[in-house]
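Each chain carries a letter (A, B, C, D, E and F) given by its place in the written order, and its residues are counted from 1.
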Amino acid sequence: MKIHVVAPITTPELSRAEHFTPHAREDNEVVVSILDDGPASIESQFDEAVALPDIVRRAVEAESAGADAVVIDCMGDPGLGASREVTSMLVLGPAQTSMHVASMLALNFSIVTTGESVLPMFHDLIRRYGLTDRVCSIRPVEIPVLELHVDGRLQDALFSEALKAVEQDGAHAIVLGCTGMRGWAELLTEHLAQHGHGGIPVIDPVITTLKIAEALVDLGLTPSSRTYPTPPVKTVRGYDALMDVVTR
Amino acid sequence: MKIHVVAPITTPELSRAEHFTPHAREDNEVVVSILDDGPASIESQFDEAVALPDIVRRAVEAESAGADAVVIDCMGDPGLGASREVTSMLVLGPAQTSMHVASMLALNFSIVTTGESVLPMFHDLIRRYGLTDRVCSIRPVEIPVLELHVDGRLQDALFSEALKAVEQDGAHAIVLGCTGMRGWAELLTEHLAQHGHGGIPVIDPVITTLKIAEALVDLGLTPSSRTYPTPPVKTVRGYDALMDVVTR
Amino acid sequence: MKIHVVAPITTPELSRAEHFTPHAREDNEVVVSILDDGPASIESQFDEAVALPDIVRRAVEAESAGADAVVIDCMGDPGLGASREVTSMLVLGPAQTSMHVASMLALNFSIVTTGESVLPMFHDLIRRYGLTDRVCSIRPVEIPVLELHVDGRLQDALFSEALKAVEQDGAHAIVLGCTGMRGWAELLTEHLAQHGHGGIPVIDPVITTLKIAEALVDLGLTPSSRTYPTPPVKTVRGYDALMDVVTR
Amino acid sequence: MKIHVVAPITTPELSRAEHFTPHAREDNEVVVSILDDGPASIESQFDEAVALPDIVRRAVEAESAGADAVVIDCMGDPGLGASREVTSMLVLGPAQTSMHVASMLALNFSIVTTGESVLPMFHDLIRRYGLTDRVCSIRPVEIPVLELHVDGRLQDALFSEALKAVEQDGAHAIVLGCTGMRGWAELLTEHLAQHGHGGIPVIDPVITTLKIAEALVDLGLTPSSRTYPTPPVKTVRGYDALMDVVTR
Amino acid sequence: MKIHVVAPITTPELSRAEHFTPHAREDNEVVVSILDDGPASIESQFDEAVALPDIVRRAVEAESAGADAVVIDCMGDPGLGASREVTSMLVLGPAQTSMHVASMLALNFSIVTTGESVLPMFHDLIRRYGLTDRVCSIRPVEIPVLELHVDGRLQDALFSEALKAVEQDGAHAIVLGCTGMRGWAELLTEHLAQHGHGGIPVIDPVITTLKIAEALVDLGLTPSSRTYPTPPVKTVRGYDALMDVVTR
Amino acid sequence: MKIHVVAPITTPELSRAEHFTPHAREDNEVVVSILDDGPASIESQFDEAVALPDIVRRAVEAESAGADAVVIDCMGDPGLGASREVTSMLVLGPAQTSMHVASMLALNFSIVTTGESVLPMFHDLIRRYGLTDRVCSIRPVEIPVLELHVDGRLQDALFSEALKAVEQDGAHAIVLGCTGMRGWAELLTEHLAQHGHGGIPVIDPVITTLKIAEALVDLGLTPSSRTYPTPPVKTVRGYDALMDVVTR
């Protein structure tokens, strides 16, 4: 099995295969690629707009290279629909996947994310996925994506906001609201337990999506071709690198 | 990994380990148990009522015997909540799991199930799981659970109703509406493709749930203890076999 | 008219005919029965699981003994669907009935119940009954069912939480969230009025359900046999006492 | 007990005490009044507009005359809110009451009403009462209110449309969609049973509302004064007959 | 173009043509009329009941006098449906129009209105218009309609509640909740900007409705005659002034 | 006033200023631009992906050139959010605008669009805009965007599908589902009237959006900067033409 992680950004160090391999099954070869053209990180619909064409290109290339599935490494699920339209394999986004998994395990969930500016994107996704009644609250840590790893601020803010989600908002589960928060689920679970809230699931969205992808690949399930029909062939100006791989 | 399938019925031949092992990962030892006390099959809320105590007993016993997860082998998800309350492991039901998976892959889905009499149970589950807007239609084949395998009727009825779901109702995916329909997903997918509807996902609920369980066990995710708190200790009359294992 | 109250617990002193007779019409003979097998009280889905078979037995026996209606004396409405399936008479649950009555009288309502652990059960019922948009808040008094009557704690906690529901949450009506709180509606109404909140309806669920049952019996209305179809005859292992009365 | 039926029309023969007395409890004295000013029947929002002031006057007069409750005898529930604001007693409307009762007894319900022109009014009420997901279909018999009783057309059309609601639309219960259809519930129930659909509840809205009113009067429940606050005193031009009774 | 503003009250000084003309296009002649019979202001469903007949009369008269559209100058949208039924022109209400405009511009909106007593009317309208998920909060300034202009209280209260809506409730836009607050949008926008919340749209409902009316008149769009069918001709007692103009 | 129409395609003849000028106010100078890079037409999420960067560039350029508003000339509303983030002016999309206008005028509406393949995009938009309960049906004419004008097929198919929407589905209004159907509203309105359905509003989405834009520009209303916050400055690789204008 080969699962390709597409990090929809141009910053090289944020997503590496060794981040995923420890969580992958032995029979799953994880490959990671970033974009040639696109934003350093995604924190707006504008950032998504300039990420989209190259996300789709990476997805098509992954399929050509034998991937069984693509996982988009961003909680905005950018390019999910377009990539599903132009490939025949499984493509998953971490927002959709992790919110559905949270809905399987708990009455409701809160999302702890980067900054207030991404809240509208989350509300938009939640409405599209039909999960409005499941969302307890969305709390930002107010740290930009590219600074999540630079100093020790993330731990304090993440722990503090997740605790408020549980104690003040009534959250039954926590979804980490940025794939750049990868790796914090276990520590946060323990932190919550130490404060009297054992057994609150904390969902690491991109790792969860990788594992769900493994399961769905085994099952042979791919996105509905009726929801994501193959686009009609037509002239596209520009985007030569993309059109080269799509039209082959 | 050890995943325990609890078939919430007393009919021995319907669920056997060899039904699941071909789909399980090599590192997953699948065990199946049926009930001592309960109904021959589940087709009503009454049937569920007399299945519940022994489902919970089987779940507790499975955990004691080292199971990492329990999968309840019935599309009514009977005993899902109670079993989650009295265990600390993962417990999944095929209705909840497969409907969320379908929602990840398609705009909407139709359910093809056994008889009209189980429609209210489905509508009840769909409301509880908050997926009303995702359900396109529910179509019965009008074959009782215990007769699904006895003659050739299932194939014709299943193919016919699924095709109507796609062509008349507008379904983008199909969820098999009884775990006794296990094994038909591949053939039905081909049948739909032969009629011009390639790429419609057909979800085999109990096998899908088994695979999602494998993924969630790897992730260490279990149901929220806030949604499913441990019941307070109290006197229970009767149900000695159950209370023996719960109170140990 | 004969209305049978089934208290789905094994604790004898909590539900007695004299609790209901003062509220019943003169032409209504109220009979109360408790369970032989089951829990001392219901505060979890597990408790419900071990109450269900005997609730259904009591409902069937009541119909055989000439009851016009059964009222299930628990805010979880346990066994409501199964009892409706195997009888032809009216069966009502206090959660469903009182929440619909509250919806007739007020823009929204808050529920004041026993402990935080039953909140998920309420949310589940509210989703099933389609009343999510009507619920203002659910507030627990944090007193176990079996201790509601043992000391003076209930009054203070009930008054305090109901007042918070009105003043802080914006409740337009209050539904008592445990049938064990029977009898407190009038005093709580006065308490709210003394604090400047006259005219807030306080609904005593089981008494309200008894009265609605009287009305519906007069009207000859019973649950839909399409929503609650008669279960197909099939083998059931165990539950002899129940199967004896169901299959007669 | 004294329950006052306000028929919000000026046509004298449509609502008479003897229509209600056979259904009322012996201790309930039913009084009926019609309007001095208003429409001959209600089939539009315009008709409601010219009925409202006198409906409110009749409700206030009823309370002054000792009524325990007012039932508005029209499926548009005209004047329900305004009458609740200016009185302290119970006021019920048959649309709200009967749709909530139907929701207690069945998964969904269809409404069989007079003409297509009143469908928007029903959809408006259904949205206000939050019952959109409960409504299966609304079918008109295409007979004006004032002709419901003049020839034999109603029976055929009512039977035919109700049968279609059950067989084609999947209705689990039927609500008669005009209080002028009072008295047809029993015959329609039999008709459906003769066509293989026994046990489908048919709800006669105004009679059902009368009986629910009896129950709620016994319980001392009245509409929330927070949802229906007493209007501030202010100058009103015209409507002397109404203002005389309101301001006394 | 001629747009007629119907102020559904009998207080002469509150709505004058010069309030609207500065906002109207040059080719739009704005005419304003108030009621002969009706309330001094509208703050309850009762007030609406006694305003309705004359609102409808004013709408019909406006059409006869050549109006292209009527704008009802009250946030309860009283008489909107009835006026649409008996005319062929455009009729708009400021609640419906401004809440839809707010929904085009922002994720959610808060309403700042007069008193707590009108909150139920707003919730009722919001449910009818299907915008429940768009409303962030409704905050009253607790100043009666007729006192909005008498002293300086409005500015402080309006600024304070709008700021709380933005900072505490999370509002992305503000809708002024009474047409008597006409003219405050610009100042409130500046006030919010001075407190660090630039770019929050503040919607002046009646002026916005006037402008949307101009656009829809240009487009030739009028309300659906299927949603608002012409009422059948029938006898109406009283309301001679109205019936004279309707039946001509 | 200057309103800029951005046709998010590279096909020059489909959107020209003379298409819009006859509908614009005299004081409104309409400018139209198409994309340098992008698809010939938009019929998939893939097409949208390759249109987005240049749509945003055109919006930014329009603002720099003094535009008061941008109207995106495509029913997928592509780039609406991103364009709102990076400009301070009004930006409107025809899907959002026309569906809200339809909701102001009718109980529900049907959309008649190009092909079945765009239905998922509509359902996605409808969920995001929260208008699911307003949509009666979506019917395709099965003509590709670029062939809408090439032969006489459109009129027959459009008339036929709209009539089915009204007669079979129960539509109260029609929204044309492709901005390439611009200009057909009047003829379709007449066609429906000739078949007995006078008074059904037919909404031409892009013209309607142009007119609503004129109204909102007069009002000084722009999208909420809280819903569409200015994206943080960051490195973007590629998209030089866009980044040149955004960062100036």
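One rule holds for everything that comes next: contacts are C-beta pairs under 8 Å (C-beta built on N, C-alpha and C of every residue); 3 or more make two chains touch, one makes a residue touch a chain.
Not measured: the values here are computed from a predicted model.
A.B. asks: Any chance you could name the chains that touch chain B and chain C both?
C.D. replies: Chains that touch both chain B and chain C, as defined above, are A, D.
A.B. asks: Measuring centre to centre with CA averages, how many angstrom lie between chain A and chain B?
C.D. replies: 28
A.B. asks: Indicate the whole-number Å distance between the mean C-alpha point of chain B and the mean C-alpha point of chain D.
C.D. replies: So the centre of chain B lies 44 Å away from the centre of chain D.
A.B. asks: From the mean C-alpha coordinate of chain C to that of chain F, what's the distance rounded to whole Å?
C.D. replies: 52
A.B. asks: Residues of chain F that touch two or more other chains: which are they?
C.D. replies: 107, 120, 124, 127, 130, 133, 172, 226-227 - these are the residues of chain F that touch more than one other chain.
A.B. asks: Please categorise the chain-chain contact pattern as a line, ring, star, complete graph or other.
C.D. replies: other
A.B. asks: Who touches whom among the chains?
C.D. replies: A-B, A-C, A-E, A-F, B-C, B-D, B-F, C-D, C-E, D-E, D-F, E-F
A.B. asks: Per the contact definition, I'd like the list of chain E residues that touch chain D in the complex.
C.D. replies: Interface residues on chain E, with respect to chain D: 10, 35-41, 43-50, 52-56, 79, 81-82, 85-86, 116-117, 120, 124, 127-128, 130, 144, 146, 226-229, 231-232, 234-239, 242, 246.
A.B. asks: Which residues of chain A touch chain C once you look at their complex with the stated criterion?
C.D. replies: On the chain A side, the touching residues are 107, 133, 172.
A.B. asks: Report the residues of chain E in contact with chain F in the complex, numbered from low to high.
C.D. replies: Touch residues, chain E against chain F: 23, 25, 88, 92, 96-97, 100-101, 103-107, 129-131, 133-134, 166, 172-173, 186, 197-201, 203-204, 207-208, 211-212, 214-216, 218-227.
A.B. asks: Please name which positions on chain B make contact with chain D in the complex.
C.D. replies: 120, 123-124, 127, 132
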